[in-house]
């Protein structure tokens, strides 16, 4: 029975995710490196802004940080409570999840890698998808806490499996981003009306999340709103190809995509949305996708 | 005002598409190389099985053949009627559409390239998507006839634009097919539960028509039902990269995909569904996507 | 027995190639669109600057123009002499050679596609490599004329075969150019001494013409002297991938290279040497290969 | 002053390399897991087959093992002598060299990564190329010993640099192997005479070690003699792309090549020479390169 929960890392996602916890739990600790954010959260949502030491004494501890390295450092710096569960919602590295799971197990603690998808709007509405790797019993015990912010919550395998699914998901999105940039510059070069073409494709077999939302809402309207930074997508595609390499598989399309996203990220200005990857193609072709 | 329509090419798609025409038009001619099929169609749906010469005297003539080459040969063999419109629903070559449009124009005839998507089920239900290239006035005149079998019908540009959109659509599907094969063999190599992973991806940014329907309904269940042959997909991806070449653009992901689909097609047995392309990856990795 | 020869197209290569002809033949016509160049050639080397009509009455007519399209236009504009041989040293399109061979055959003329390699220095020294496609008897008859400027002269197949070999040769060079750019930015990122590394590679299995001459003489010294323009290399790699497409083969590395060279060419300033393709990689990585 | 040398790992390369040491040094220890080989070596070349413990007391210790992991295990199992130098000729992992160099430094020992190229014939003749990473003073001290079997011996950078250069060298060779397979199946599909084409290319800009030796001596003659196994080439290309990943660079051609070589290796029978990678392309195209 979960008596207390904690949420560590109140970024754009975490701030909104943690907001749902008080509806279900009486004791909700929050902590953030920039502590003012934690205090603001407490004031906004009735959570308790506490020290890291106290936060990590909760029964279920959520973390949502930029990289697995940040989670490593955090866990190395604290004393955990036997019987608790650490649920890491970072988009992290599968290998790292396996190591952390082993490290905290010696302290009687379970570690679940539980990355989320659904963007800030999903976090706000508590309708995120959560893909979870780790011990199935720990998953079942932590489920009521994850249900506060998640709608589809799946146990996808052992430690690292959650991170692996997230990396592959983002890779598939990246593949579509590149392919759509290539396909739509080609169509425009041939004088095709892009908006009408998009309507057709979205009713046909070529459709994807990229054609349905990214292309019309970020690219064709030339808005490129920053909600997910291009270097983070480059990081995620890198995690995916590292999985390919570790399994000694051949994945030419994924590898090529990773290289292209890496190049686009290297060429991009700071704080560019992932959708700006298409501008690399636009510079090549001198064609604007609009 | 359209008084008569004809449908030439009663394959799996054409047979079903032509069946809707008598609901709207009194005079509906059908013709097929294997003429028994035309007679069967007449008996099934109240159309008239006529000679090719008579069929091509209709006000609107639909064709739906395997390749642009077949349409070229057909048009070269007949006398057209000034004022009529030829609507070619083949998944054809844009350059060929431009040439045919010019050729028939000298006979006072309009040519529209109007490929469809939506598979046999869409043809059956009259809910196909039709992407049309050619003269806008001819498009408007032919629209009532196309509405018999089409739901979303878009004029996407000048002659060839319809074929171009179809080729790019199928290319985007092919890209997803390869990427999904690569991503899911990787996940399986890492012990991930593929069905749970798929549920997560279909609720996330990596989803596409391939993850939503092709993967669960053709691949994971190991059915690979033949509805669209792999060599035809190879042909379509070839049309797409030819468009890239003609415009002197750079489209690395599309080009790589075309090469991989070509290899998969060359390795495949006759009458293999396009979804069997994934078995090339399965042979590489000795991992079955199930 | 060859009584007269002509050379049409006195560019950087042609001017030097034609200079060797008077050593072997008494009657050597030259023609160039900018006719002053032909007159200069006559004055420099004892050739005869004549009208195009007269030049094309020679027993053997060499052409060396930018593209196959230029040769098409030229041949369409003149009257040929039955029994003569047209030897086209352009880096041209195989399909075009086949068409031209057929066209001139009806006038009793043989057409050989005979592109050369060896750069201006090889043209100057008369040590070019000539790869020849077309009728073997015509090849044998034209051989003495080709020997004026060629050292290694090979009949590689029927019409178009010479152009095909040249396109594949240049493609292999382009592949090495990209691979070397990728490999050497990587080595430099890891702090390796590039000059020492190059010495090792040039004594090992990774060596190529690019590592032996292009890298040290054009790139590492940051000279990039213009002797072969990047857009022409892009054109040649395009010819090679068109050969792949026509044969319905799968050539992923060649296709990717063509796309990368196309992008590099599109990004480059006018009159850039082919070796500047590496600067695209340098912009991605912010690493200079020096 | 080097008084004693040792050679550990008497495989096809090591056996021949160690044979040169007695010409220069009085005390030459050899050791091999299968110890009979060490005894044979002693009998053949006047070396001393000794225990691993004794071998690792030499002033300079050479190792030449299948993978860096084997070297890790070996070094972990022995006591080293302060002041000695470990020269690892394995085709190993740069990161591993950096770790080992740090580990043995604490015991007063220098570690040099010193992979070789030149095949068994070069080992036999003592004309190998040696690319060395590590402390420059240790390099200078070990140089006389390396000169026994090496002709071109270069210090290319800090620890790991030697392995990095070897990996990139082998990667460049792999790129040419794939490109040549693609280019020559294409030429054959177009009816070109491959032997004549090869002569032309080897006199032109497309030439490489693969066109000069691998293609004529292993592939065109259908011999594929096993001197360097395909899985080892797959391993080396993997090391190269890991270097790309670590430096966060974009190297699309290298990545694609690694994936193709991995696929070819996965499809190959055991004990296949690296040159059999071309048979993957031959199966795709149903064209034999001969």
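When the chains are written out, they are named A, B, C and D in that same order, and each has its own residue count from 1.
Operating definition for what follows: contacts are C-beta pairs under 8 Å (C-beta built on N, C-alpha and C of every residue); 3 or more make two chains touch, one makes a residue touch a chain.
Treat the numbers as computed from the prediction; the structure is a model and nothing was measured.
With centres defined by CA atoms alone, the chain at the far end from subunit A is C. Across A-C and A-B, it is A-B that has more C-beta pairs touching. Separation between the centroids of subunit A and subunit D, computed from CA atoms only, is 41 Å. For this pair, subunit A with subunit C, the centres built from the Cα atoms lie 51 Å apart. A straight line joining the Cα centres of subunit A and subunit B is 37 Å long.
Taken residue by residue, subunit C touches two or more other chains at 249-252, 256, 260, 262-263, 266, 284-285, whereas all remaining positions touch fewer.
Put simply, subunit B touches subunit D in their complex at residues 252, 256, 262-263, 266-267, 283-286. Residues 234, 238, 241-242, 245, 248-252, 255-256, 258-260, 262-263, 266 of subunit B touch subunit C in their complex. Contacts from subunit A toward subunit B in the complex involve residues 94, 117-118, 129, 131, 151-152, 154-158, 160-161, 164-165, 168-173, 175-176, 178-180, 182-187, 189-193, 196-197, 199-201, 203-211, 240, 243-244, 246-247, 249-254, 256-257, 260, 281, 284-285, 287.
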